[in-house]
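Same chain, two partners: subunit A is paired with subunit B first, then with subunit C.
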Partner chain A sequence: MNRLLPLLVGAIGVLLLATLMLVILPAWQMRTAQPPEQLPPYTGQQLLGRQQYVANGCVYCHSQQPRSTGQTLFDSASGWGRASTPGDYFYDAPHLLGTMRTGPDLLNIGARMKSRDWHLTHLYQPRSIFDWSIMPSYPYLFEEKDQASPGDVVVRLPAQFQPSGGRVVVARKEVLDLVEYLLSLDRTYPASPEELQKRDRGYDQRPETALAGHAG
Partner chain B sequence: MKPNHHATTPRVDDIDPTFEPWEPSRPIPIFLLAVLIALALGGVGMYLSDLAPWADAGASDPVASIPAAPVTQAAPASPDSSTVQNAPVLVHAGRGSVWSCASCHGDQGQGAGSTPRLAGLDETYLAKQLRDFAAETRLNESMHYVARELTDQDIAEVAAYYASLPVPRLVLPQSDADLDRGRMLFEKGDWKRNVPACVSCHGDQGQGVGTSFPPLAAQRPEYLFNQLAAWKGGHRHNSPQSLMDDIASRLSYRDLYAVSNYAASLPGPGADAAH
Partner chain C sequence: MTPILGVLLATSFIASLVALGILVWAVANKLIFVGKAEASTIFMEGEIGHPDDSASFGQENETATHRFDVLRAGIDRAGKGPVLVLVTAGILWLLIGSTFGVIASLKLHWPDWLADMAQITFGRARTLHLNIVAYGWLSVTGIGVALWLLPRIFHTPLRRPNMAYLGAFLWTLGVLGGSIAIASGWTDGIEWLEFPWQFDIVLALGGFFLAWPAIETAARRKTPHIYVSGWYFLAGMMWFPFLFLVSNIPGLHMGAQQATVNWWFAHNVLGLWLTPMGVGMAYYIIPKIIGKPVYSYNVSLLGFWSLALFYSQVGIHHLMGGPIPTWAVTLSVVHSVMMFVPVIAVAINQHVTVATNMWAFKQSMALRFVWIGALMYTLSSFQGSIEAIRSVNSITHFTHYTVGHAHLGAYGFVSLVLFGTLYYMMPHVLGRRWPYPRLVQVHFWLVVVGFSIYFIALTVAGVLQGMDLMNPGSRFSEITRSMIPYLEGRSIGGTLMTLGHFVFAAHFAVLLLKKESGAKPADVFAPVEAS
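The block that comes next holds the complex of A and B.
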């Protein structure tokens, strides 16, 4: 361990091995993956909204990976949707899987909360709906005006959260884009058996076993 | 380091300062190396088959032909123009701080995900739920936000409107729920656990009975499971005589999941005979 060249060669070799096993081979393995037919690519506005999601750090508290019923029924009972498959993230670059659930999973938020106005109220001030919420508010995504202009989207708020003096809160383009992105988060279409095969075996049965048990 | 043949002891300035002369040389046993390499190759070999590219489609897949859950593809019935025109303002436009009902519950009251279908539910039942939301006897922050702003007249109008809507066909999500077990629970119950059949109160087709027993057929399965779990966990407690509290507490979550998905798959009343 006291000869520099073999040491460096060994270290670089380990790093190359890790890169090979963790990056190159998985990418090669997925090279023929096709997106699910029912999954449309993001529109331009949704992509801008996705950038807002990243910029505001939503991924630090919200995951986008519902767990399978093989592992727990909790995610299903919360209405978060079916377990995700690799194809669901086909257009997600970078992926926003997240690791924390300070707040609920959002992969299917567009399937269960389709109200743009609800999202605007909630983003402006989460405590206007959930008084126990610790989610930050995002007032800078909105602006206060003395009165709304034509075409402005006015945010619905309870009286105690309205600005004083009859002013209204109007959504800026950033939050409208963000809400468009949230509404596009819907991966409830059925996953094909090929996609289900790609899921981690740790908790899930192989699709043929799982389905065979319930064949009518 | 070449030994100096002409000296009996090594001279200080010939010694490599990094060489420890007393360190015995210990080559790694060949056997140990062989074992390590064999293990590494064996490990790689175990996962070699995973490196095959995913072949999409082509091969006949016996699994693909078995539907995981009945998926009814809805061609959503466009609402009668008269029902839209006669709808209370709250339903499609909201008012003040209150979002429109349709923004979450759908233009035809069909619901979305864990947001329930309202179309075709009983008027008195809907009104009771709205009052319970307002009083927080039933807990849901978003519905409390809405219901606390509603007058009695608002509640009556909105409930009557949704009761008058036709029951839409739902697009159901995929699930791996045991529908056989769900059907058994739905039609016969589980008397080993003192659980009556759902049909005994909710109607033989799950269509709902009277004002207290809402329809289960063609209701969002995520919503049904969510509510059954809420009863089981004690979060929801506005069931008359604690009927649903007791029933849900006697079933496992797996059973609740099964019966929710089975009930949701049943067609609502008046479903097209052609399908």
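The block that comes next holds the complex of A and C.
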């Protein structure tokens, strides 16, 4: 190749094709999605909590996209919920689908763990609940005090994790927001057939092959 | 809608194949000349047949100083300042970035270590590591090398070096600002795109001022042919800004759809930015050190265009089994497998050239880094193609296996090629040799042993983790416990690699600051009219 302009134009042309296929067309299809009726928009406090989730990088260990039973039974056996569809993320920006499962999937953590106290204890010191956990503790989202003031939310801790000298651990606003967001994570309502058409069905058995399997 | 999508999909794939067919036909019918003569344009008269690596050859023979030739010294001289600034900044980013990597790795098995420092909680240390090594070390150093290498293959000095200084300053400022933002919890929150868009603008401006001198130099080249490294570098300098701008526009992308943009971008940072850099460097350094043109130059044309066509559409394989339309996932799976084409094309050229000249591999440390890096490109690409097959991806997705794979590409391939390129390049830029050749070996063995431990630990861990995550009978507590020894292994490997980086950086600092005795760089600016 001896000419500069065709090289540069060709290079950009190829990338435009890729942009059409991977960005524009999926957007065109997925943006027709309506929010599922049972999915409420986030409240102000939940959105603040979501920002905490983002700022502390929870997404790097926790996915928010349970897999279909056609791909694995582990997700539903663990109570992580049904396979998600684009509509489930209607109010999500930035998206938090995640790519790692160093920790469990959290798309339905609010339906699975409904106790605010449990979440506060777990965020302050995960190993006070699960001795095997490798999740970071987040002491900087809490405050140690001699005495709780009125309105303070005191974190309930086993004796060995209590601060010394009768001091107490209270939750800062950041972690209260974060827990409010975690409690809101609940996509256990059924997905509509149209919605299910819009997710990756590459692992789902086709009805006819399933039947053939039975017959054989 | 489905028929339209189907037609478009089929058209895109057929168009790619037809385009490649035309390309092969054109080369076969000599409509495009890419042969031995073009492959040899990187050599000057009398250079073919003479190996060139001042760190390894001609140690005993002091007359070998003729390698710092007047002609190329004249070409190098105009860009010397910006190149040195970029490479120095890149190496500093390497030290900072790999330190954050070690911190993040340790935190995965010491979860309470430094837990009260919000700035380096795992989620932030890991993110700082990724952004600093990708946009600091790999990108900044890569651009530095490109600004040295392009004028050489174009036989003309770098144009607008002052603009390149400005670009280097802005880009580095963007990375610095973005990193401080991440540490303080201010992030766009999307993997590979965490820098807040306010800093992205600074970085993008820097990129503009760095690409301009490169393209102007290309437009005023003194040689009719653009050598293959030039295709990769110049195309990369078009691709990266395009990707970076489209995916960073705030408020344009939402929900699950944003995930497709996310992975279109993230995989293309590897495929259309870091890979072209690494492949382009290897295409120059391997034949230069050996002193012979690459094995089959016309295959390189096929390699380049098929890389562009196939690599640009693989990103959605990161969302397999997710809330994304089936066709988009399938498209990316197909293109991922098609990546065998460009990878084999590059492999034929680079590996055969080295394999038929193993004497050079044994003697030249620079070539050792570059060729092992090039081999890792082949391996990581093959691995990636296989990983994109649905049944394999079911196991490897969501696991440490993917992290191992990413490092095989970004570290085993691009970083090793960069190390080798710097070992070859710096003596030419400064006109003096690396002072302690032994340290090059120490660096080599630390990173090779460290990376082997790192990669094997994560690969084994990922397979075990992935199989457990598929088995409804397994428990999460057991999976987590079983990962600990491998995560510790990763920390050991990562620490060795980082030690190697400090050895390298110290050696670089001595080379940079040492007062020269002996071989003098050519001091005259020769107006260059090379053939």
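As a convention for this text, the second predicted complex is superposed on the first by the 204 of 216 C-alpha atoms of A that agree within 3 Å, B and C clash if a C-alpha of one lies under 4 Å from a C-alpha of the other, contacts with A are read in each partner's own complex, and residues count from 1 in each chain.
One rule holds for everything that comes next: contacts are C-beta pairs under 8 Å (C-beta built on N, C-alpha and C of every residue); 3 or more make two chains touch, one makes a residue touch a chain.
Note that this is a predicted model, so its numbers are computed, not measured.
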| item | value |
| --- | --- |
| A:Phe130 touches, of subunit B and subunit C: first, second, both or neither? | both |
| Partner chain in contact with A:Glu194 - subunit B first, subunit C second, else both or neither | first |
| A:Ala77 touches, of subunit B and subunit C: first, second, both or neither? | both |
| Partner chain in contact with A:Tyr140 - subunit B first, subunit C second, else both or neither | second |
| More subunit A residues in contact - subunit B or subunit C | C |
| Which superposed partner A:Arg31 touches (first subunit B, second subunit C, both, neither) | both |
| Subunit B versus subunit C as contact partner of A:Arg156, first or second or both or neither | first |
| Shared subunit A contacts, counted only where both subunit B and subunit C touch the same residue | 2, 25, 29-31, 33, 73, 76-78, 130, 198 |
| Complex contacts: residues of subunit A adjacent to subunit B | 2, 25, 28-34, 69-70, 73, 76-79, 81-82, 108, 111-118, 121, 128-131, 156-159, 188-194, 198, 207-208, 210-216 |
| Subunit C contact footprint on subunit A (complex, rising order) | 1-4, 7-8, 10-12, 14-15, 17-23, 25-27, 29-31, 33, 54-61, 63, 65, 67-68, 71-74, 76-78, 83-86, 88-97, 99-102, 104, 126-127, 130, 132-140, 198-203 |
| Contacting residues of subunit C [partner subunit A, same complex] | 1, 5, 8-9, 12, 15, 32-34, 107-109, 111-112, 115-118, 121-124, 126-127, 185-191, 215, 218-219, 224-226, 231, 234-235, 238-239, 242-243, 246, 253-262, 264, 268, 272, 301, 305, 308-309, 312-313, 315-316, 318-326, 328-332, 390, 394, 397-400, 402-403, 465, 469-472, 474, 476-477, 480-481, 483-484, 487 |
| Subunit A contact footprint on subunit B (complex, rising order) | 18, 50-51, 53-57, 61-64, 66, 68, 71, 94, 96-100, 103-104, 106, 112-115, 141-142, 145, 173-180, 222-223, 225-226, 229, 253-254, 256-257 |
